[in-house]
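Once you scroll down, you'll see the structures, which are given as structure tokens.
One chain, chain A, links the two complexes that follow: it is found with chain B in the first and with chain C in the second.
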Partner chain A sequence: MLELKHVSKHVDGVGHIRDVSLRLESGSLNVLLGPTLSGKTTVMRLMAGLDKPTSGQVLVNGQDMTGVSVRKRDVAMVYQQFINYPALTVYENIASPLRVAGVKGAEVDKQVRKAADLMKLTPYLERTPLNLSGGQQQRTAIARALVKGAHLVLMDEPLANLDYKLREELRDELPKIFSESGAVFVYATTEPTEALLLGGRTATLHEGHISQFGDTLDVYRNPQDIITAQTFSDPPLNILGLTKKGGEFRTSNGTLIPASEEEKRLPDGHYKAGFRPHHLYLHRQSAEAVSLPAKVDVSEITGSESFVHVTCLNHRWVALEHGIHNVEVDAEIEVFVDAKNFMIFDDEGRSAASLMAVNA
Partner chain B sequence: MSTTTGTAAIDSGLAAGGQAPRRKARAKAMRTGSRYSFLVPTFYITFLMLPIYWLFNMSLKTNQEILSKFTLWPDEPTLANYMVIFTDPSWYNGYINSITYVALNTLISVAVALPAAYAFSRYKFVGDKHLFFWLLTNRMAPPAVFALPFFQLYSAFGLIDTHIAVALAHCLFNVPLAVWILEGFMSGVPKEIDETAYIDGYSFPKFFLKIFTPLIASGIGVAAFFCFMFSWVELLIARTLTTTAAKPIAATMTRTVSASGMDWGVLAAAGILTIIPGALVIWFVRNYIAKGFALGRV
Partner chain C sequence: MEKTINNRAWFMVLPVLFLVAFTAVIPLMTVVNYAFQDSFGNNQFFWVGTEWFTDLLSSERFHDALVRNLIFSFSILAIEIPLGIGIALCMPKKGWGVPVCLVLMALPLLVPWNVVGTIWQVFGRADIGLLGYFLNSIGINYNYTQDPVAAWATVIVMDVWHWTSLVVLLCYAGLVSIPEAYYQAARIDGASRWAVFRFIQLPKMHSVLLIAVLLRFMDSFMIYTEPFVVTGGGPGNSTTFLSIDLVKMAIGQFDLGPAAAMSLVYFLIILLFSWVFYTVMNNAGGEKQQYAGEE
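So, the complex of A and B:
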């Protein structure tokens, strides 16, 4: 079990990590999700013990490990860049943590071959890492982490530099391999889709702060605040400004949108509705859908899907539609939204659900 | 130049951009472009090699032939001059002395520069950039400036006329250079390799020897080469700090006027033997040096 307690990290007086508290269970898969520069790598370095937090504590199995050298910790880490020991063969690269730990020769050989087999590296054991392809290099690094059998396994965007097919393969394999070992598995990524595919638990990171931590699907469906919803959305979340009066929301052009029973209990005032790009329609999908006027900015087609970027009531939105939709740029069109897809946030970004929980 | 590249471009265009045809086209363009262009490098190399050849030529002649007539090659080639050097201790000791303090100096310089360069490449500390630049300024003063203080200092410590005295004095010039060169090579190694090694559990010395040193081996080669070269060539300090027991070969060569006049042949043979070690070292590190140039550190 790994626990961060109010951990902060400042570099030259600038706060990189602000008050991060996390509790990661043994044998669990944890995803750190956040855009670049959100502090994922820094959080991982703090977890590993490569950096010392400015304030706060790092506990491993209840024992305070803050400031303990990384050499004395039971950690394995895989970087986004392919980091191996270029002077050693793949075999020696994988064997390296065992050799340092003083494991006997025959046992080393057994474990290295097992890990190499799992990572499909057996034919390349006698080569040096720089003579391998990128994917093989990264698999060597993963095999080394695997062989160590560490209690804490950190992977910092390990698949970001790999091609699509390899990425899919390894993304399926990795959690399975490491969950068997009972380790705390932490996986950092910038891609919301990757977090959803991995499952487990997700912590969304925004500007060095954990905005939410919970079961991946729960964080995706019920974000506590607008920042979490935005972090966990790709393409970006669409946001519509609304004014609530009585049982209805009113848009800036006067369109009325009925509020749900729960939302009716919110006090009157300004709100923001967040909804995902695949919930912005170019055609009416249901009787309850509300039509809004929009102007097309750009339209992109990626094979089977179309992204249509529109400006609607001074908001810039993206619509994700299946199939190929050719829409003329600058065309005035109608777009449709459905209130049942809305996630309502107040002016400060707190979600309606969390507001009502506080009121109740 | 413009005409040659133009032809090459057209040719390669016709050959649909193949690598081999393009090379052939360029070679052809160079052939037709200037038929006599080979003359320039030929003259240049001849001029460069002439003194070395003449030295070699003299070393195989007798004193009598050197002084009496002008010959392009020895009338009666003799190895007697070389025999003198290899049999007379006052000659061959010069070589032994030089090689001893040069090797000592190279060893000390690289050993000291390795941790220093590692610190400069991996850690941030107050004034690191200034200190790094200041190191180089040590090389801006001519060695003559330091001859007097070194002489005074080493006299006080009784180090005069020892190999270690010269080796240490040369460190003043070689350590900064070695640090400068090694820092460039070390900064080319990603910091994550260090961290991965620490995560794997390596202690610092073990990491440095087993993981890191092989990665900067060419850098160490280049640094050692430059230390060797400076120390081997430097005469002033080496001569000031020695009298007999550690006298360098270059100093021996400047003191060969005997009662019977100058011994030209032996002197020439000594010159040839002095060139050889440098040439050998250059041969071994030539590929690494190209890498050093690519890093902009040589």
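So, the complex of A and C:
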């Protein structure tokens, strides 16, 4: 188990990580999700012990490890770049953590071959990393982490430099392989889709602060605040400004949207509705859907999906529709939204659900 | 589709052809021409066949100069390469120290050869030179004009002073190109300082080291100006390297034929050694460590 308690990290007086508290269980898969520069790598370095936090504590199995050198910790890490010993063969690369640990003879061979087999590296054991493809190089790095049998396994965007197909393959395998080892498994990514595919638990990171931590699907469906919802949305979350009065929300052009029973209990005032791109429709899907006027900015077709960027009531939105929809740029069209897909946030970005939990 | 062939394109190549002809091919052919003839005054030439070559290859004077040159080159490689790597490893990777170190390192490289020679010639003099005077005053008998060992030491130290910087700069360039993540990964692995050097830094410096060794070998094998200024090839013939010998022969004695033959042999020796270094080091870099499962 790894626990961060109110960990902050300042570099030259600038706060990179602000008050991060996390509790990661052994044998769990944890995703650190956040855009570039959100502090994922810094958090990982703090977890590993490569850096010392400015304040706060890092506990491993309840024992305070803050400031203990990384050499004395039980950590394995895989990077976005493919890091292997350039002059050693794949075999020796995988064996290197065992040799440092002083494992002897036949046991080394057994473990190396087992890891190589899992990572499908057996045919390449005698090659040096530079004579391998990117995917095989990264597999070597992962096999090294695997063979170490570390208590904490950190993966910093390990698949970002791989092509699409390899990425899918490895993404399936990684959680399975490491969940068996009983390690605390931490996986940093910038891609919401990757977090959803990995499952497990997700911590969304925004400007060096954990905005939410919980089961991946739960964080995705019930974000506590608008920042979490935005971090966990790709393409970006659509946002609609609303004014609540009585049992209704009103848009800036006067369109009325009825509030749900729960939302009716919210005090009157300004709100923001967040909804995902696949919930912005170009055609009416249900009787309750509300029509809004919009102008098309850009229309992109990726084969099986169409992304239509529109401006609607001074908001820039993206609609994601299946199939091919040719929409002319600059055309004035009608778009449809359904209040049942709305995530309601107050002016400060707190979700309606979390507000009501506080009021209750 | 047919490939378009336009013969007029050859005209575009002509300027370069002329340039290369005048700077390289014609002088080289002149040398080849001399190497097979004997010349007297009045532009009279007589064909002598391979006589100059057989003379040269059996000449003790040539053998001695060649051996001296080889000893010199290998000595300075043995000193400059490890020293250069060592200094590069000690140089800071970031901060204000980087430009300071780089400028300090680049300074010797900016000094012209004959100036370096003059500096050390004066520096080493037993009567007025700082180094020479100091060494003699602490009881070391140092006089490079009389003692061959002192002359050799001076020439080698001078070359190390002048050219280690080049090795340092090349190695440093190799070192800073190693991503930080390698060092991090090594720390996480618990690798020792030596392991980091042996398994990360050295392999990553391999290609720049190859260049450093080749450059330093070729250059030291052709060394002329500095020992010429400091020792003039002496005392006796003790620091007469191939190039000094060659100049003595060609200009001092005006033996154009033997000198031309020597130039060609000299050139081929450098080519041969450079090729050997290149091949050996390239193979060493691609060497696989195969102790898989043998323990």
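We take it that the second predicted complex is superposed on the first by the 360 of 360 C-alpha atoms of A that agree within 3 Å, B and C clash if a C-alpha of one lies under 4 Å from a C-alpha of the other, contacts with A are read in each partner's own complex, and residues count from 1 in each chain.
Everything that follows uses one rule, which is that contacts are C-beta pairs under 8 Å (C-beta built on N, C-alpha and C of every residue); 3 or more make two chains touch, one makes a residue touch a chain.
Not measured: the values here are computed from a predicted model.
K.L.:
Once chain A from each complex is brought into register, does chain C clash with chain B or fit beside it?
P.N.:
Overlaying the two structures gives a clash between chain B and chain C.
K.L.:
May I ask you to decide whether A:Leu125 touches chain B, chain C, both, or neither, giving the answer as first, second, both or neither?
P.N.:
Second partner only, chain C.
K.L.:
Examine A:Thr89 and indicate which partner it touches, taking first as chain B and second as chain C; both and neither are also allowed.
P.N.:
A:Thr89 sits against chain C, while chain B stays out of touch.
K.L.:
Which one hits more chain A residues, chain B or chain C?
P.N.:
Chain A has more residues touched by C than by the other partner.
K.L.:
In the superposed arrangement, which partner chain does A:Pro97 touch: chain B (first), chain C (second), both, or neither?
P.N.:
A:Pro97 contacts both chain B and chain C.
K.L.:
For A:Leu256, is the partner it touches chain B (first), chain C (second), both, or none of the two (neither)?
P.N.:
After superposition on chain A, A:Leu256 lies in contact with neither partner.
K.L.:
Could you say whether A:Asp109 touches chain B, chain C, both of them, or neither, answering first, second, both or neither?
P.N.:
In the superposition, A:Asp109 touches chain C alone.
K.L.:
Touch check for A:Leu37: first (chain B), second (chain C), both, or neither?
P.N.:
neither
K.L.:
Would you check which partner chain A:Ala48 touches, where first means chain B only, second means chain C only, and both and neither mean what they say?
P.N.:
So A:Ala48 meets both chain B and chain C here.
K.L.:
After lining up the shared chain so the two structures overlap, which partner does A:Ile324 touch, if you call chain B first and chain C second: first, second, both or neither?
P.N.:
neither
K.L.:
Per the definitions at the top, what is the overlap between the chain A residues touching chain B and those touching chain C?
P.N.:
48, 50, 70-71, 75-77, 79, 81, 83, 85-88, 96-97, 100-101, 144, 148
K.L.:
If you look only at chain B, which of its residues touch chain A in the complex?
P.N.:
190, 192-193, 195-203, 206, 211, 214-215
K.L.:
Enumerate the contact residues on chain A facing chain B in the complex.
P.N.:
Contact set of chain A toward chain B: 48, 50, 69-71, 75-77, 79, 81, 83-88, 96-97, 100-101, 141, 144, 148.
K.L.:
Please give the residue numbers of chain C that touch chain A in the complex, ascending.
P.N.:
Those residues of chain C that touch chain A are 179, 181-182, 184-185, 187-191, 199-200, 202-204, 206, 285-293, 295.
K.L.:
Taking the touch rule as given, give the residues of chain A at its contact with chain C in the complex, in rising order.
P.N.:
45, 48, 50, 70-71, 75-77, 79, 81, 83, 85-89, 91-92, 96-97, 100-101, 104-105, 108-109, 125-128, 144, 148
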